[in-house]
Amino acid sequence: MDTTTEEERRANGRNDVEADVSQSTESDISNMAQRLAEYSPQEAMNWALARHGRDCAISFSGAEDVVLIELASRSGKPFSVFSLDTGRLHPETYEFIDRVRGHYGITIEVFSPDTTAVQNLVREKGLFSFYHDGHQECCAVRKVEPLRRALSKYRMWVTGQRRDQSPTRSDVDTLQLDPTFSGALAPLLKLNPLARLTLAEVWSFIREARIPYNPLHDRGFVSIGCAPCTRIVRPGEHERAGRWSWEDATKRECGLHLKPPADYAI
Amino acid sequence: MDTTTEEERRANGRNDVEADVSQSTESDISNMAQRLAEYSPQEAMNWALARHGRDCAISFSGAEDVVLIELASRSGKPFSVFSLDTGRLHPETYEFIDRVRGHYGITIEVFSPDTTAVQNLVREKGLFSFYHDGHQECCAVRKVEPLRRALSKYRMWVTGQRRDQSPTRSDVDTLQLDPTFSGALAPLLKLNPLARLTLAEVWSFIREARIPYNPLHDRGFVSIGCAPCTRIVRPGEHERAGRWSWEDATKRECGLHLKPPADYAI
Amino acid sequence: MDTTTEEERRANGRNDVEADVSQSTESDISNMAQRLAEYSPQEAMNWALARHGRDCAISFSGAEDVVLIELASRSGKPFSVFSLDTGRLHPETYEFIDRVRGHYGITIEVFSPDTTAVQNLVREKGLFSFYHDGHQECCAVRKVEPLRRALSKYRMWVTGQRRDQSPTRSDVDTLQLDPTFSGALAPLLKLNPLARLTLAEVWSFIREARIPYNPLHDRGFVSIGCAPCTRIVRPGEHERAGRWSWEDATKRECGLHLKPPADYAI
Amino acid sequence: MDTTTEEERRANGRNDVEADVSQSTESDISNMAQRLAEYSPQEAMNWALARHGRDCAISFSGAEDVVLIELASRSGKPFSVFSLDTGRLHPETYEFIDRVRGHYGITIEVFSPDTTAVQNLVREKGLFSFYHDGHQECCAVRKVEPLRRALSKYRMWVTGQRRDQSPTRSDVDTLQLDPTFSGALAPLLKLNPLARLTLAEVWSFIREARIPYNPLHDRGFVSIGCAPCTRIVRPGEHERAGRWSWEDATKRECGLHLKPPADYAI
């Protein structure tokens, strides 16, 4: 008989949920998601790494999602980290990614766009097509395709998405079946341990725990993406106002976190 | 019989409130304050300028209080503007003050610290004493004394204070008897037309009305004061977090807006 | 009988030099080089484009070599331009490359590093290996290999090299047989029309002709390369002091302009 | 009989020149100037401080003239330092002045403009009159009058002027009788120990001796004055090109170092 308390089980990343996603029915995953919704960020991370270890990869953008790496590091368990180098990040972001690598003593696998795809896009439309016909085409080449390559190796990925980030993220759950990047035979889980935190809570944690952060945050940047598609947040603006600021706020997703169609159930 | 509506009277800056403050009893002023509390910022400005004209001076810091000048300009009435040049403003702020001067075609009277007082402070304590023993002494020399000189010429001054700016300003009223700068014989009124606006509302107005603003706001600054005592606001921080950031949040007033003692009644 | 003067022939880019390099003996090219040494930058460009047209490509780095594009544009002849996008250029340089594209109404072919090669380098050594074991390995992946791909299409390329740039360039000639990028069967010529100009002369031309230039030049940058490997030039320093500043001044070439061995004759 | 060598005497700041300027004839001073012309910067500083001690004041602008303070500090003798705070210096320059104060453990007397004079200028002409009718009027209020006040206490002042700085300084001598600030009864000497150094030599010294310097020098600034009247030096430009850049190069003196009329003899 297992006499461990629920709290102890969470601390060790254990619960009754079946870990083998490939065998899970949709209803299994739905149950898991409900339980995870009540986990703290640290508990959720512990659970994920206990289940999947290096098959669970943190997607690190070089911004405040460094918190995910801190949580994984605190878990004491092995984990994987990757970043997408779009070729257009701020110089400060490249420095920060390398600083995080050294600070935590980890390997960060960096994925680059496909040479031919990016050359073709630039030859045809120049280096700033996104200002004219939207960011989707450039994101597809510089982020989504490399992400698809990255995720092909993993069972679960971990992101820094939060509900308070934007209208497009108001119903993010701690655990989701990834509708976009799951393969036909290999379902992919997405863990969003910070889903229910506010921006202020994330930053209180960063400051109190003295976690290294991108110096752009000290220069007015809140959410950070590619340099030409990110500007600082102005007085009275929402945190995501600095991303693709010339576009409609309801379309500001790069394709990494497209929501499933309305009838899609996990 | 006056058949003008309340709205018309407000639009012209007229009401029944006795304008001659020097003759007003405290109870008169208290009545005025109650009525003004319901005025819009434009109505409050109209009222003030109709009553006092050039004897009413807008205190312009070079930040988002440019809104006050816009309101005054829209009133179509004469008005005065002054700024305090502490000698330590950002280069961008000096440029902005001059730009506002040109944009509205107005005179901005600029007050400088007393030569001897500032030289003595610097000789004794260097140029950054505020980091060591608090900003009060430097503000006294560079802001408060020049403000006292400036206000000696006026019956009323207009500031950009808002309730949502800080814990020290949560009970700011649209109209107040200034407890600090009133002379023995000459009571001084302080008008805070933006008292009940939020930061977001002020900035919506600035953007929609295309009012010129300090370029530092596009570089992460929200509240702007002297360069060494202002930093940008970091993610998740309150708008005044950038002012005297090394000090306790309950002491971050420069002396221009010290609150009256608790028993002080207007 | 040809009655055109030498000056007229230069103006039209014509001279007696045999243009078909693949048929040229070394002595032919040596004769060409001697004559070109006396040509002005505009004359040299005219000559090259008259001979090779679109088979002659300007290598545009996003810095003051924009002068080459101005010269080509003034020639009235067709020409090709390519840039190497290392993935680590300054955001301002990407903007400038696109601005030049629009200003001159030209296509700029942009070459990117090989996906696998750059991912392997970063996985193994991180994003800043050059600070530790020299810039050669990173330049090989991000500049030299893409350049080799680019040059495979051309008979001649045009660079902004100048003799006064550095000790490594003191004997640059206006015309050279490229010892590094020539194929076994297809010799490649390199034209350096600015070889004998000084930095001050180049900049006088840019300012007087109101040629668009990289805004980094207004922020203290002289020579501009990749962001992490370029810093501004400090007071009293030479113009190339800002490139790979942590390395020995005699090794500061990225591999695009390696000198032939001493016994190599053109 | 004095058996000390010339070199020993220089090292101790001793020579045969009569130190009491007020008693000196013009011919005495002319002799002094001739001898000083052969002194090294350190020898010249030693000589001056041995003669005048605290009556000899270094004029420190917050730029590379920090070298003067280093020399004075190395002399082991007492000395005075003053700065002119125009009220329009860069924030970085104020920080640097304070840093120098701490680094050398010295008092820097800071002189501010006269309150009324500066207020009158700004009321009448705004904060940027110099862009429209020249910098002389503003410099007179913010620099020259405070300098006159500062110099009234001293017998000699020390400046960082160099011959290679500009066409207006090509004949600067190591020792000069100050034609502008000498009183009727009290002649004032001006020592320019760096007169014959080049910019590159000054900066080699700063770097090799690890002397603290204004961080603006790492951002492209060479000569540094007031913020609105200084810009960085662009590629190919002379070091003083950044000062009052909208004005004729032959008029770029603030009034501190006006040359004597041609017939003026020292």
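Things worth noting here:
Think of it as A, B, C and D in the order they're written, each chain with its own count starting at 1.
Methods note: a residue touches a chain if its C-beta (ideal position, glycine included) is under 8 Å from a C-beta of that chain, and two chains touch if they have at least 3 such contacts.
These figures come from a predicted structure and were not determined experimentally.
Common neighbours of chain A and chain C under the contact rule above are absent. Of all chains, the one whose Cα centroid sits at the greatest distance from that of chain C is B.
Each chain gets one centre point, the mean of its Cα atoms, and the points for chain B and chain C are 57 Å apart. A straight line joining the Cα centres of chain C and chain D is 44 Å long.
If you average the CA atoms of chain B and of chain D, the two centres end up 41 Å from each other. Annotation for chain B: no residues touch 2 or more other chains. Checking each pair of chains for touch leaves A-B, A-C, B-D, C-D. Here chain D touches chain C in the complex through residues 64, 198-204, 217-222, 232-237, 239, going by the rule given at the top. The residues of chain C lying in touch with chain A in their complex are 85, 87-88, 90-91, 94-95, 97-98, 101, 107, 109-115, 118-119, 122-123, 126-128, 227-228.
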